[in-house]
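Chain lettering (A, B, C and D) follows the sequence in which the chains are written, and residue indices restart at 1 in each chain.
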Amino acid sequence: MNCELDFWVIGGDLRQVRLAEALARDGHRVHTFALGGQGEELPGLTAEPCLKGVEQADCVVLPLPALGADGLLSAPLDGEALSLEQMLDRLTPRQVICAGMVTPPAARAAEERGLVLHDYFAREELAIANAVPTAEGALQIAMEELPITLHGARALVVGYGRLGRLLAQRLSALGARVSVASRRFDHLAWAEAFGWGGERTGQLGGWLCGYDLVINTAPARVLGREELADLKEGALVIDLASKPGGVDLEEAARLGVKVIWALSLPGKVAPVTAGRCIRDTIYHILHELEVET
Amino acid sequence: MNCELDFWVIGGDLRQVRLAEALARDGHRVHTFALGGQGEELPGLTAEPCLKGVEQADCVVLPLPALGADGLLSAPLDGEALSLEQMLDRLTPRQVICAGMVTPPAARAAEERGLVLHDYFAREELAIANAVPTAEGALQIAMEELPITLHGARALVVGYGRLGRLLAQRLSALGARVSVASRRFDHLAWAEAFGWGGERTGQLGGWLCGYDLVINTAPARVLGREELADLKEGALVIDLASKPGGVDLEEAARLGVKVIWALSLPGKVAPVTAGRCIRDTIYHILHELEVET
Amino acid sequence: MNCELDFWVIGGDLRQVRLAEALARDGHRVHTFALGGQGEELPGLTAEPCLKGVEQADCVVLPLPALGADGLLSAPLDGEALSLEQMLDRLTPRQVICAGMVTPPAARAAEERGLVLHDYFAREELAIANAVPTAEGALQIAMEELPITLHGARALVVGYGRLGRLLAQRLSALGARVSVASRRFDHLAWAEAFGWGGERTGQLGGWLCGYDLVINTAPARVLGREELADLKEGALVIDLASKPGGVDLEEAARLGVKVIWALSLPGKVAPVTAGRCIRDTIYHILHELEVET
Amino acid sequence: MNCELDFWVIGGDLRQVRLAEALARDGHRVHTFALGGQGEELPGLTAEPCLKGVEQADCVVLPLPALGADGLLSAPLDGEALSLEQMLDRLTPRQVICAGMVTPPAARAAEERGLVLHDYFAREELAIANAVPTAEGALQIAMEELPITLHGARALVVGYGRLGRLLAQRLSALGARVSVASRRFDHLAWAEAFGWGGERTGQLGGWLCGYDLVINTAPARVLGREELADLKEGALVIDLASKPGGVDLEEAARLGVKVIWALSLPGKVAPVTAGRCIRDTIYHILHELEVET
């Protein structure tokens, strides 16, 4: 970082607040808007009352997700009601515009104005970086809910994507006896190469009863009636799959199986880290666009 | 375990409830008294309304600590007011009597009756086993309180006893950059051999500002005014030292340093595991006394 | 494994010998040919003097690589000169025929006879499984060659494929301070998520001087004159890239840099493990073809 | 290190050569004698032809062990025949004199001259530091000798002293399934706390057959006829116990059990690291004597 840039961080939750702080600490000029005035007082960091000056920004960071359920720019910390189009109308192609979870309509709205929305959430390195606080958040939940230690607990991680492998490694490091469930032989070979057990998803019935803790990371309905019924009493299920989730919650309630469906953990358990991860990704985008930071 | 014994578990907290269950699951006949009727329904496990039959027990397990602040047998889950002497009057030298944290007066009271109180809490293997849930509990607190992940956090573990080494290993396994502080060169050599940094206790001033998390395990006032003032803003201190503790709490409050003084973690965060640890230790005592279990 | 099959293991090196033994230990009938008569005496395992009976086999396993430099079936432990075509002429489409590193001409030769050569070496799970002994072999070389311990050594792993990640994890577990070099931001995010440093390949010059050990796993000329000249005196380079290798060996010799170019480690450092890995992969092939094993 | 001292390093093996180099690299003036002229050319490092000037030294470092089998100062790299007494006659109480493995007669010889021999080898921190290269050396031997990977191997570490715990941790980190054998319940509790299995020494017969690798670190005859006969074919035994060793070698030869008795590994596998460990220990001695370094 040897060159000071002008950033605007607009809307979003606590992660965006921490992002703005992290950018300011790196020596950039940072303006925030629609963040409810939150954030530490730092040199170079200004909470703006309006968008005046945004056209001077080198880089504009829109929230994650960019749009809320109401179709407006997501601004949960603030009453601000600003449409994406209003926002984009103030920007120019010279500026780097970043946003999280860019939908096709949003991308089109930008394109019509000759702009590009760089989706930081779509980048693999942010997904990996986010998997770290997600994995820690899952450990925290497991520690809070289980009356046994993770040390010595038998834990099953369903799915071996980014999150699955970080989770399996951390559980194992804390002394849990870890197995990984996947349909794929290469995933099971990875489990073996790291010293974990392997189960084949789709053949879980009959094996689940051995586990104290089952954490689902796969975007599929992996725990239905049969699987839930096989769990031993007191077993804990943590579902990290985004909607519609991997667990039949009704059936779980009927059977008395405790399920925690935990979404959006990074912003909840480690907003400062989550903000830094977004910052790093935005630096990568700027780097690839050859904007010196 | 090939021989069924008759156990009485008398008084104590949730750990004793779980201990009784664990003994029953191993096939022993278990009677509980003064546990508030808590515990699962299990074959071989009976909550007794009075002490009738205790003279038949092969092994009697008194609470941890054996005596409460009122000088009576500790029974926080129950209204029962029973003195140690009343209890001991019903027992005979043939029986193995175990208790936790046996004070000299308690030992004398037993001796006068020709009895021996085997202190399970004084045994090194229980202290080690208890360090596991304590370490996990400390991680849980750190995860709950810090707005950053342990991954990447700079953590200082003060003291390198049982707890210090398990904590350092777990923090490191979760990706924290760990240093250990001790006065002793051999402890610092251990830190080095495990790949952690080392700081010399007593020379901490000036170095503490680098840490996001400081966990004290040493039974000494290691964090006084000077050290607390050196901590960086937002740093978290967890004190695991038993009374009087290792942190000057008044000074910390004055300086706005967040300190969590966490005591008796095993029974709080993992009562089932804590109960099993006591069970294993009682088996060791029986083994050494050549009582077949 | 509940069903005994008839296997022929034909040609190859020590891995094939161990493969045959592992199959026999699992209860199958196993015939070997062209393995120089090597192998333990085991029930169900027969070294055959000729190919008589191969037409009865349920599964025929050809070597890895299937063909030697002379274009004949690879048989380094034996004088046997057998062409692939001669071999295939004795087989029928009913049989499962496995071979390692199947070349297009070899595949065509099979196809012309209505046969399929199942390439076990092309399967991802074998590649992963083989990365384990390769990583251990690299550690062994580093331990043998370096006058310092891996503990505390600064190690750079170039490339973050299967081998890179297993190597980085093992080096780190032994106490080395590990960095990973890659061109890709997602690889660097993985390094960060596992707690290792990151370097960008292509910008290594000027950074290499910090390392005691550099292990290349990338199939590219990553260490040319400039990079080699930057290494510090006494640094060790291990190149695990297959031909043409990732290091300019001439330049290294001129500069006096010690380079170990280590190929085919699994068969050399752990033939029993390598044989078991092939066995598991063949079972997967049979499983997918719905041959019950 | 802010103060340059005058060191003499006299006699010893490759470790002493590396020690002298390490001291010189830290900026001290270093004279060597009776090291066969070995060592790199470094500023401040002089190989002396005689002891002239030794009386000016701030610190004199004698070898490890101080005396050879012939009763003279140990000088295996050199023909020099110098008695301890001759050496001591040249020194004064003002100087710090360090030596390794100081015998009572040697200590008396010093005392008679008003001198103190500070035994660096007797210090706990050096013993711990030396356990690191010893553990790595044992891993290297196991990798070289076993036809399977350590990953997945079943390994038993006998004894849970300094070396046992570092070995168990490293084997486990490389993917071996590790058990620790000890007579002591507290050691077994440590094994459990780190996630390893436990066996009771003295009751090993009948259990040993499960292990691919047995490493003895205990100074006792733990593997006699009965235990050796129980080992499975192809199992490897590494004995790290100093003389008389922990394995009945005659019986092992008779039974065809492969035993590697590996002594003095630090100097053999990592002389540079071993030299640095001695240097650090000498600094600690100087620190405690309040000699500023």
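To be clear about the criterion, a residue touches a chain if its C-beta (ideal position, glycine included) is under 8 Å from a C-beta of that chain, and two chains touch if they have at least 3 such contacts.
Please read these numbers as outputs of a predicted model, since none were measured by experiment.
**Q** Select the interface copy of B-C from among A-B, A-D or A-C: the correct pair shares over half of its contact pairs, counted by residue number.
**A** Repeat of the B-C interface: A-D.
**Q** State the chain with the largest centre-to-centre distance from subunit B, centres being mean CA positions.
**A** C
**Q** Averaging over Cα atoms per chain, report the distance between subunit B and subunit D in Å.
**A** Here the centre of subunit D sits 37 Å away from the centre of subunit B.
**Q** Report, in whole Å, the distance between the mean C-alpha point of subunit A and the mean C-alpha point of subunit D.
**A** That pair's centroid distance is 49 Å.
**Q** Give the residues of subunit A touching no fewer than two other chains, as numbers and ranges.
**A** Answer for subunit A, listing residues that touch two or more other chains: 132, 151-152, 175, 192-194.
**Q** Where on subunit A is subunit C touching in the complex?
**A** 123-126, 128-129, 131-132, 166, 169, 185-186, 188-190, 192-194, 284
**Q** Flag every residue of subunit A that touches subunit B in the complex, lowest number first.
**A** 18, 132-133, 136-137, 139-140, 143-144, 146-152, 170, 173-175, 269-273
**Q** Can you name the residues of subunit A that touch subunit D in the complex?
**A** My answer: residues 151-152, 175, 192-195.
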